[in-house]
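Two complexes are shown next, each including subunit A; its partner changes from subunit B in the first to subunit C in the second.
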Partner chain A sequence: MKPLNIVGSRVIRVDGKAKVKGEAIYPQDIYLDGMLYGKTIRSTKVHAMIEVDTKKAETVEGVVKILTYKDVTGENHHGVVFKDHEVFCSKKVRRIGDPIAFVIANSERVAKKAAEMIEIKYKELPAVFNPIDAMKEDSIKIHGDSNIIYHYKCRKGNVNEGFEKSHVIVEREYKTSMVEHAFLQPEAGVSYIDEEGKICVCASTQYPHFDQIEVAEALGLKLENVKIMNPAVGGAFGGREDITLQIHLALATMVTKKPVKVVYTREESFHAHSKRHPIIMKYKTGADKNGKLLSMEVNLIGDTGSYASWAINVMRKAGIHATGPYEIPNVKIDSYAVYTNNPFCGAMRGFGATQTPIGSEQQMDIIANELGIDPIQIRLINGFKVGSETSNGQVLSESVPLKRCIEEVKNRMFKE
Partner chain B sequence: MKKRGKGIAATFYGTGYGNGFPDVSKAVAEVDHDGNVNIYVCATEVGQGAKTIIIQMVAEILGLGMNDIHLISEDTSQTLDTGTAAASRQTYNTGNAVKKAVEVLKSKLLEKAKEHLKLPSLLGLEVKDKVIYLKTFPKKRVCFKDLIEEKISVEETFTAQTVQMDEETGQGAPYWPYTFSCYGVEVEVDTETGIIEVIKGVCAQDVGRAINPELIEGQIDGGFSMGLGYGIMEKLNCKDGEIKNNKFSKYLIPTALDMPELEKIIVEDPESSAPFGAKGIGEPVILPAAPAILNAIYDAIGVRFYEIPVTPDKVLSEINREI
Partner chain C sequence: MNHISLTINKKMYSIDVEEDVRLIDLLRDQLFLTGTKEGCGEGECGACTVIMDGRVVNSCLVMAFQAEGSNITTIEGMSDKDELHPIQKAFLDKGAVQCGFCTPGMVLSAKSLLDKNENPTREEIREGISGNLCRCTGYNKIVDAIELASKEIREEKKE
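Take a look at the complex of A and B:
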């Protein structure tokens, strides 16, 4: 291979200067002539039937239009895997923060004032917050017939035989928490109709082409009549994968024929986008007296809250990564994704593979401790190398420098 | 009393959508009649450095400077679908698509130059700063502008390899490539206040090959801080479906003052299916931080925490229970 000039060098990031100088344009920096402002009205109840009355709010001077599910011109849904979100809730809310209506007004102040005057009658329904309760057959259901939307199974070797041969068996239960992406820039966006008649949305999103599909479907437009653009994005970490304000904006512009802008407050941002799946993790790990792992049984229950978002993919990734980067001949993993009435969970940096090391890496230290082996040594004994097979039977054929990584840390921090 | 302890964690991460789902990136590379090089992709710049990485790859292949390349991105009306900026896939997937397109573009330019310069072979032809010349006789040269009458445009697609798993056994090859990490941390636990301070971190990160070490180190800083928040600080306090801590005055995330000195080690082991051998690291860099901190807490005070975040109140109640 020829020596490389630019690849491998510390080139200054191309978007850096504009961001440092405050010149980068984020969605909330965009102002268009004759622009209207939007405000979303959200559910304050976790689980309820709703009736919405916008009459009083419509009389506020400066209100142009109040959108509800009745105004959705295409399919009143969206979702990255299942279309289980409604653009605006039609009959039922399933969590605090579900969007119900959208006020369009000639100023932000008027939009806010009118939003407070929208009357929502809630008929509260029983709710479930614990995913273990939600898995029971007699639990109240969030969508459809079952709250269990996914079950990943990994079966390799024979775990019982592996445990029988083990010198030490460690069984523990771990719980990870629901957390927030906390990107610096809360959701914001502007929509307008361009000279070709296309509905254009400028918003911070991780995947413009997928948003284009979701917006077009909800508005009942052809794909080519919708255009999605990203101005500067102030962080994402997975929190900008599901639709938040894109469809509301596009619909508002289609109905009013005017540019419309929305900027979420920090508090609204917390309620608008997904969270990291909290997972209840039961680990049982067996090793021989030299510290060689022989068997592992894992049960993962992931609470996806009120909507599926990426739950299937996240709990699959959690299951695949549950062993940690170690060769284990006998593995049994069950990973579930479950609906509850909690805030909905979706993608967040690591996507299931961030949660499981909270369990698997503590298991390693506990086993090492019980056997009187150094925690670094037990990782080197079991760590993946070229040719290793994962719990899925996948062969790691190249580029597996795990042991080099462990040794680098050992040499710098654990040398006596 | 302040007690110190050290801990370690090792992790792996599989790139891409996974489980047999087609993971596709499309890219267009062109040289127009003025000799401008334009690259069309839709790789969202979420701060990870996608734009910089892509331009670096193009500059490397075509012998250009960073400023010679015009990147058109993040607009559905001008670009093809390059997939989501997620699953740590843009460097690997879109990088591969861009590399393919630019290499085909380059071979077309060389072919044209061969004809233009009336040479019998492509051998020894080099491209640099929008000029194609013969290495052994540099006066044989032509610049892009003089070579191209109509713009040359190349569209290429990269599709990652993935095998759907068996539903009953999970056997298959869900992701590729995998990226590996190992972090060591040192903590200091104040047994009177319960406050845990992370005072040192050593982060060894497999990257395949580093396209831009500066951006990798930035990702490690960010990933570590996010993992630190996950392990010992961040709490939504969700009660009966209601998030109580819905603002930054209540929902505490790490600031620069919470960050320890980090020693960052970039471990290179090029992956043959990756562009220049580079693997995605956006997600891998968060994984070992929190578990390494938990193991260090145990080393410091002899208490194991099975639930995160390990906030000061939990530390105190465990210490008091021990007494």
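Take a look at the complex of A and C:
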């Protein structure tokens, strides 16, 4: 094999110099001639029927156009798995922050002023915030006729037999909270029509090729007539996988034929993108008197909020990782994703695998404590090694350095 | 409308500004010095850090008219065209740059610190950048970079 040029050697990242000099271009750093400015109007109610009146706002001097669902020329929807988001809410809002209209004006100041003059009549509906309540048949529904989007089941061995053989059984409930990515660069974008007549959107995104599909579908254009460009991205962590401003900008440019820019404030950024799923986790773990795990039963309820985003993938991953990196012969895992009227949840650093260690690792500590075993020792007894089989039946055939890692941490932590 | 005169990156400006324009808006929207970033607009994140009369300030919390007569350094004033300041070089060498949005503010806070204290401890470096948030969780490497830069600058002076 030829020696590698990059792997194994220290290299300066390609965009490093531009970034330390302040020359890297993020979307908010783009200024085009004759550019208009956009401002999104968002729901202030969690669940309501809406009527929108833009007449007064349209009379503000400098307003070019106010977009609502009526102006969407293609499908009024988007979504990475289910098309459950509307580009602009047509009849109903399902969360605080749902986009309702988009003012296009000749300055940011005018756009903001006009946005405040848009009249929205809300007829409030009952809302549900607790995913356990939302799973009940008689709960109010967020979309369609069930709030349960997804149920992942994992069955291995026989958990009841495993618990019967156990010397100690620990049963606990754990809850994690919703988490915001707070990437440092708030969403911003610029759109324009290029020399070939294509609609171009510059936005920091994690998913430009998919954004192209979603923009084209919402505008009713052929894929090749939409270009998505990804300038410097100021952090993302999963929070830029769903559409935020891309379709609004593309539509604004298609309607006005002019470049349009939008920059979200930090507060609007909080409203605009997904969050990390809060998960309610019920754990029951059994072990023999030597600390060997024999059985585990887990129930995970993920609150995906008002839109599904990556809920299926996140709660599947949470389910698959629920045991932690430990060999357990008998496993029963049920993992659910549930709609509520909370902010919507999707991808964030770990994609569901981040939440479950809160439960699985505390179970390990409690079992170790009850058996009088060292908490490090119980992990070494049960940890995955080459040849281990995971809860979902994967045999780990190579590269499982977990025990080496634990030993190394132990050596460094307790050195003298 | 106010008329103000100020020095930015050793260049004199005499310019009209609206009453409600912040220093960051003047830098970015009127002078296109876009290396100064806005992350929160309320003085929490430090992405808009500039050095004003020798002190670091959040340019989102300073009104443009308050900058009358002041001397300001932005990231664009840290080094000449193709050159790098030792702090910028150390950020690259230590892998302290990830998404880059906090970087200009971090570099300026580091400069302000090293201008006053050329051999800070790691604790003093942490204190010096405590007004700047990095969400890519790169603080250790940033502290390493500032430590390295401090060493480089001291050695440069000896020579």
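The rule is simple: the second predicted complex is superposed on the first by the 408 of 416 C-alpha atoms of A that agree within 3 Å, B and C clash if a C-alpha of one lies under 4 Å from a C-alpha of the other, contacts with A are read in each partner's own complex, and residues count from 1 in each chain.
The criterion applied here is as follows: a residue touches a chain if its C-beta (ideal position, glycine included) is under 8 Å from a C-beta of that chain, and two chains touch if they have at least 3 such contacts.
Not measured: the values here are computed from a predicted model.
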item: Partner chain(s) touched by A:P126 [first = subunit B, second = subunit C, both, neither]; value: neither
item: Touched partner set for A:G197, first subunit B, second subunit C, both or neither; value: neither
item: Partner chain in contact with A:K17 - subunit B first, subunit C second, else both or neither; value: second
item: Touching partner for A:G34 - first (subunit B), second (subunit C), both, neither; value: neither
item: Winner by number of subunit A residues touched, once subunit B and subunit C are compared; value: B
item: Partner chain in contact with A:Y26 - subunit B first, subunit C second, else both or neither; value: second
item: Contacts of A:F237 with subunit B and subunit C, given as first, second, both or neither; value: both
item: First (subunit B), second (subunit C), both or neither touched by A:G372; value: neither
item: Contacts of A:P3 with subunit B and subunit C, given as first, second, both or neither; value: neither
item: Doubly contacted residues of subunit A, that is, touched by subunit B and again by subunit C; value: 12-13, 15, 182, 232-237, 266
item: Touching residues (chain side subunit A, partner subunit B) in the complex; value: 4-15, 46-47, 95-96, 127, 129, 152-156, 172-180, 182, 198, 205-210, 212, 226-230, 232-238, 240-241, 266-267, 270-271, 275-276, 313, 316-317, 319-321, 324-325, 333, 340-343, 347, 349-351, 353-354, 357-358, 360-362, 365-366, 375-376, 379, 383-384, 391-396, 398-402, 404-406, 408-410, 412-414
item: Residues of subunit C defined as touching subunit A within the complex; value: 28-29, 32-42, 45, 47, 74-76, 78-79, 84, 88-89, 91-93, 95, 97-104, 107, 133-136
item: Complex contacts: residues of subunit B adjacent to subunit A; value: 6-14, 17-19, 42, 44-47, 49, 51-52, 55-57, 59-60, 63, 66, 71, 73-77, 81-87, 163, 165, 167-175, 177-178, 180-184, 186, 200, 202-206, 208-215, 223, 226-227, 229-231, 234-236, 238, 240-243, 246-248, 251, 253, 263, 265, 267-272, 276-277, 279, 282-283, 286-288, 290-292, 294-295, 298, 304, 306-309
item: Residues of subunit A that touch subunit C when the two form their complex; value: 12-13, 15-26, 28-29, 31, 181-186, 232-237, 265-266
